[in-house]
Amino acid sequence: MSKTTIRTAALALAALTLGAGSALAQDLTITSWGGAYQKSQDEAYFKPYTAKTKIKITQEEYNGEISKIRAMVESGKTTWDAIDVDAATAQQGCDEGILLPIDYSKFGGKDKFVKGSTFECAVPTIIYSTIYAYDADKIKDGPKTIADLFDTKKWPGKRALQKTPFGNLEFALMADGVPVDKVYEVLKTKEGVDRAFKKLDTVKKDVVWWEAGAQPPQLLASGEVVMATAWNGRIFGANKTDKRNFKIVWDGQLQDWDLWAIPKGVKSLDATYAFLQFASSPEQQAEQTKYISYGPALAAATPHIAPDILKDLPTAPENAKTALANDPVFWGDNGEELRKRFNTWLAQ
Amino acid sequence: MNRTDPFVEFSGVQKTYDGETLVVKNLNLEIARGEFLTLLGPSGSGKTTSLMMLAGFEAPTHGTITLDGRPLNRVPPEKRDIGMVFQNYALFPHMTVAENVAFPLRVRDVAGPAIFERVKRALDMVHLTSFTARRPGQLSGGQQQRVALARALVFEPKLVLMDEPLGALDKQLREHMQMEIRHIHERLGVTVVYVTHDQSEALTMSDRVAVFNEGAIQQVAPPDEIYERPSNSFVAQFIGENNRMTGTVEQREGGQCRVRLDDGTAILATAVEQATVGARSTLSIRPERVRIDPAPGAVANLFDATVEELIFHGDHLRVRVAFGGVSDFVVKVHNSDDRPSLAVGAPVRIGWRPDDCRALDAVG
Amino acid sequence: MTATTASALAAGLGPDGLSLKASLARAERRSRLVSFALVAPLLLFIVASFCIPLGFMLYRAIDNPEVAETLPATVAAMKGWTQGGVPDEPVFAALAADLIAAQKARTTGLVGKRVNYEIPGARSKFLKVGRELERAPAGGPWKPVFEKSDPQWTDPVFWSALKRIGQPMTAFYLLSAVDLRLDQTGALTRQVPDQAIFLDVLFRTLWISLLVTVSTLVLGYPIAHLLASLPPRHANLLMLLVLLPFTTSILVRTTAWVVLLQTNGVLNDVMVWLGLLDERIQLIYNRFGTVLAMTHIQLPFTVLPIYSVMKGISPAHMRAARSLGAGPVYAFTRVYMPQTLPGVGAGCLLTFILSLGYYITPALVGGPLDQMISYFVALYTNRELNWGQASALGAVLLAVTMVFYAIFNRLVGIDKVKLG
């Protein structure tokens, strides 16, 4: 008899003694990224789910450290029932065997989700975008294209970029004239990577590197930089809560996903799936867009979104004309090497 | 230069730290060339402060100090050419014995071979020639003190100050070092100002002793005079042992007076200035000057007393007696084969000469 | 004393005939046991919280289980294969069997990731061929399946690399931590330039630590002297100020520097307002900001040992030196300063070694050129999940620290160091 079956048996026994009514009422612990994003999840998923099912949800926060998931799984005490992960973690966690494969039949098949966003071990929840933005109070007729981000003649001053090759290499190639649909093809060659770094060389001395998502709005607000790449929700949030007038340049936006993953050794797969099904309903996903400007991963959610909200989402048709979608397989294969090369380049 | 000029002179020197109380009150003191002068007093009496002002580590609030006719007020310590030995030796722990002793010579840019020669001579003087390569931490207290002495003397200063240099040594070693310092002083003819609170040290070593109390000098005199003829009751009290009796001066004739104790006993004594007729006075008599069963007519003061207690001290016997209204009166009897036989409770006749008993200022 | 016991004692024997040494040992055994029992909790704590993790870390730096454990049959089959070509069907069959088992156990990704460190891109090829093998007809032949899947599987370079990666121990991580690698023939070569970063980072770590040590000393020595010579009432107040940094977290302090130093921060504002600057200067996200913030944090660590040594130096030493004819400067440099050296040594060693491990401060106030070795340890631990590389970097840092400790010991003598 395996450990799992013993545990299931014990659970069943517990359920029997407690009575049928509370058999499903297993509390959940859900981990996400904190901040405004987790707040939006609380409003759109956690609170309604508790209201509907009486299941208590304990929230935890992390910074996307896959090491935490690995340590938890390896210790044999998996306390998190569902985790909001980024695409890289979804891929890596699957390879490491610390995330469980997703049964998409529970969600009505992979087709229900935006194309290319489904992962073996994680089900997508939102689409966010790395864009760049500027302060419209300081620049009247602002930059318009991804090439402007690299044009220090036309737009002198510091720019804030994320301290990772992810995004920067793609932006560099697009700014250098590579069409959106050819970006990863070019990046797969040594010459393509060299070309991207060469383009980055042209702005290197003008870059302030950021690491935390909260930094770009601060850097823009303090005037430290004239433009900053950022996650679109952070810019939207700064405009909304701090009454900023930051403008997002959608050209060349890099779309990426946040996904729900289930760690190995989870207490109750059924209870977790029940929550994930709830969180993957069109109504709830549309609800979340009221609190943060990230696009729903569920195609069917879009009709439920009011037009004035829709226009700020990365998935809005007029914003997504030149959008590039992250290629997790490319980054899974080349991420470590490119990150090391990027750090080496930074240190030169 | 006139040889009779004082070598060191304090005139009207005052010192206060807080602007309220004077630590040193109006100090006037002259020290002759080649003299061994000891500043003696209880702690807080101003003796160390006076020494520090002479060394240059404290500045007088008022008054001047001159050394060899030169006013010192604006001269920093290192320019005064005064050797100094400190209470805890103040040897530099990171230097060897030789390096310590060579330090004042190196500061003065003395040539290497000369340094070697003079260090050797200085260490010879204190019998430490074989310890040159050791560090101070590897020496005993007495050895460290000798190194400090050698270091303070090696640059041949005209004046050497010693601030309770033997305070940390045990009794035997202290007495030995006292003699050694005394001999070095005699040999070199250097002027020494020595601070101590140990009266026997002051008496053994000094040419003159200045007794300090409450920021002022009570008496400056050679040791025997300090001991035999204290000029006030503090000095009498502080130096050696004495029996004290309080009374009123009844009659005074020249250098002698009669003092009536409160119980009616009359005592003849040597009068000092303060002992005017009608004034209160403290009588002071050294225990060793009291005779037991004196020969008839030998002493003017004669009393019948009772033996209260006998304490054996080896070389002498201390006899506590009571007579009239006086108790706690101690008589010192030399332990010789002709000493009188005494027993507790037995009557005894005691007496002393008026010359040995001084009528001083009243205390308390 | 009787004659017998006297002769026994003379012979080194106690009254009961035992040798004196034996009875002494017996008498002392009990007290030794008691004192051991007293230190045992600490000893256990150190072993459990320090020695064992350290041992694991060092082991992780050379441990290489992924391929050896996941592809055991392949590793065995490749024993007979000599490098220089592509192996034949038996090896492919073994690999196919291993990979099919790995697919079931969901460990293909693990192997792929390990091979990917040395052959970028191999990860997805393992995953792809894994899926294809599950669908391929059982019984083989297997080589064609691989050949069809990707040209990697017929590349001799790949195969010799795989054989090397199949060893249970590897020097890969340690070599990589000092920018070395084994090339295709297994010969030791330098890392390719665009991947060679760790030596730079190591030297940078040492250099920044040195700068911080020197600046804490320059700033801290006078403070320590002041502390040691002030009357207790004032000294306590000053001591409180020196210790103030200890009362706030590193993160808070570091963030405060950001507010103060940023281009539109307080310091720049003041200097522009005073007309000292025409153009705002970069004070943060560079070496200056890093050294400044680290100096702030490290200052008490340098000051306290120096202070406590200074406190023990008798003021009489300076007076003695002055009375012996030395001016204030001469007395200070020849008599006072040499005596403070044990404290200076302790303070500097402490600050230098602590600085080597800095992570948060350079990450927050430093630029990309100021990240120290711990940043990369954290990066490989948390982000890349490449714990072998993280351990190897940690091992290199440990080794460097120990080398510096040894040099220090040789030059100054650790027994001369005084912490108080």
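For the reader, a short list of remarks on this structure follows.
A, B and C are the chain letters, set down in written order, and residue numbers restart from 1 in every chain.
The rule is short, and it goes like this: a contact is a pair of C-beta atoms (placed from the backbone, for glycine too) under 8 Å apart; a residue touches a chain by one contact, two chains touch by 3 or more.
Keep in mind that what you see is a predicted model, and the values were worked out from it rather than measured.
Touching chain A and chain C together: no chain. Geometrically, the chain at the heart of the complex, using CA-atom means, is C. Most remote chain with respect to chain C, judged by CA-atom centres, is B.
Centroids built from CA atoms put chain C at 33 Å from chain A. The distance from the centre of chain B to the centre of chain C, each centre being the mean of the chain's C-alpha atoms, comes to 65 Å. The distance from the centre of chain A to the centre of chain B, with each centre set as the mean of the Cα atoms, comes to 90 Å.
Shared contact sites, meaning residues of chain B that touch two or more other chains, are absent. The residues of chain C lying in touch with chain A in their complex are 105-110, 112-113, 116-117, 120-124, 127, 193-197, 200-201, 204, 262-264, 285, 363, 367-369, 371, 376, 379, 381-386. For chain B in complex with chain C, the residues that touch the partner chain are 55-57, 76-78, 80-84, 86-88, 90-94, 103-104, 107-108, 151-152, 155, 161. For chain C in complex with chain B, the residues that touch the partner chain are 314, 316-317, 319-328, 330-331, 334-335, 338-339, 341. Every residue of chain A that touches chain C in the complex is listed here, in rising order: 65-68, 70, 92, 94-97, 101, 163, 208-209, 211, 222-224, 329, 332-337, 339-341, 343-347.
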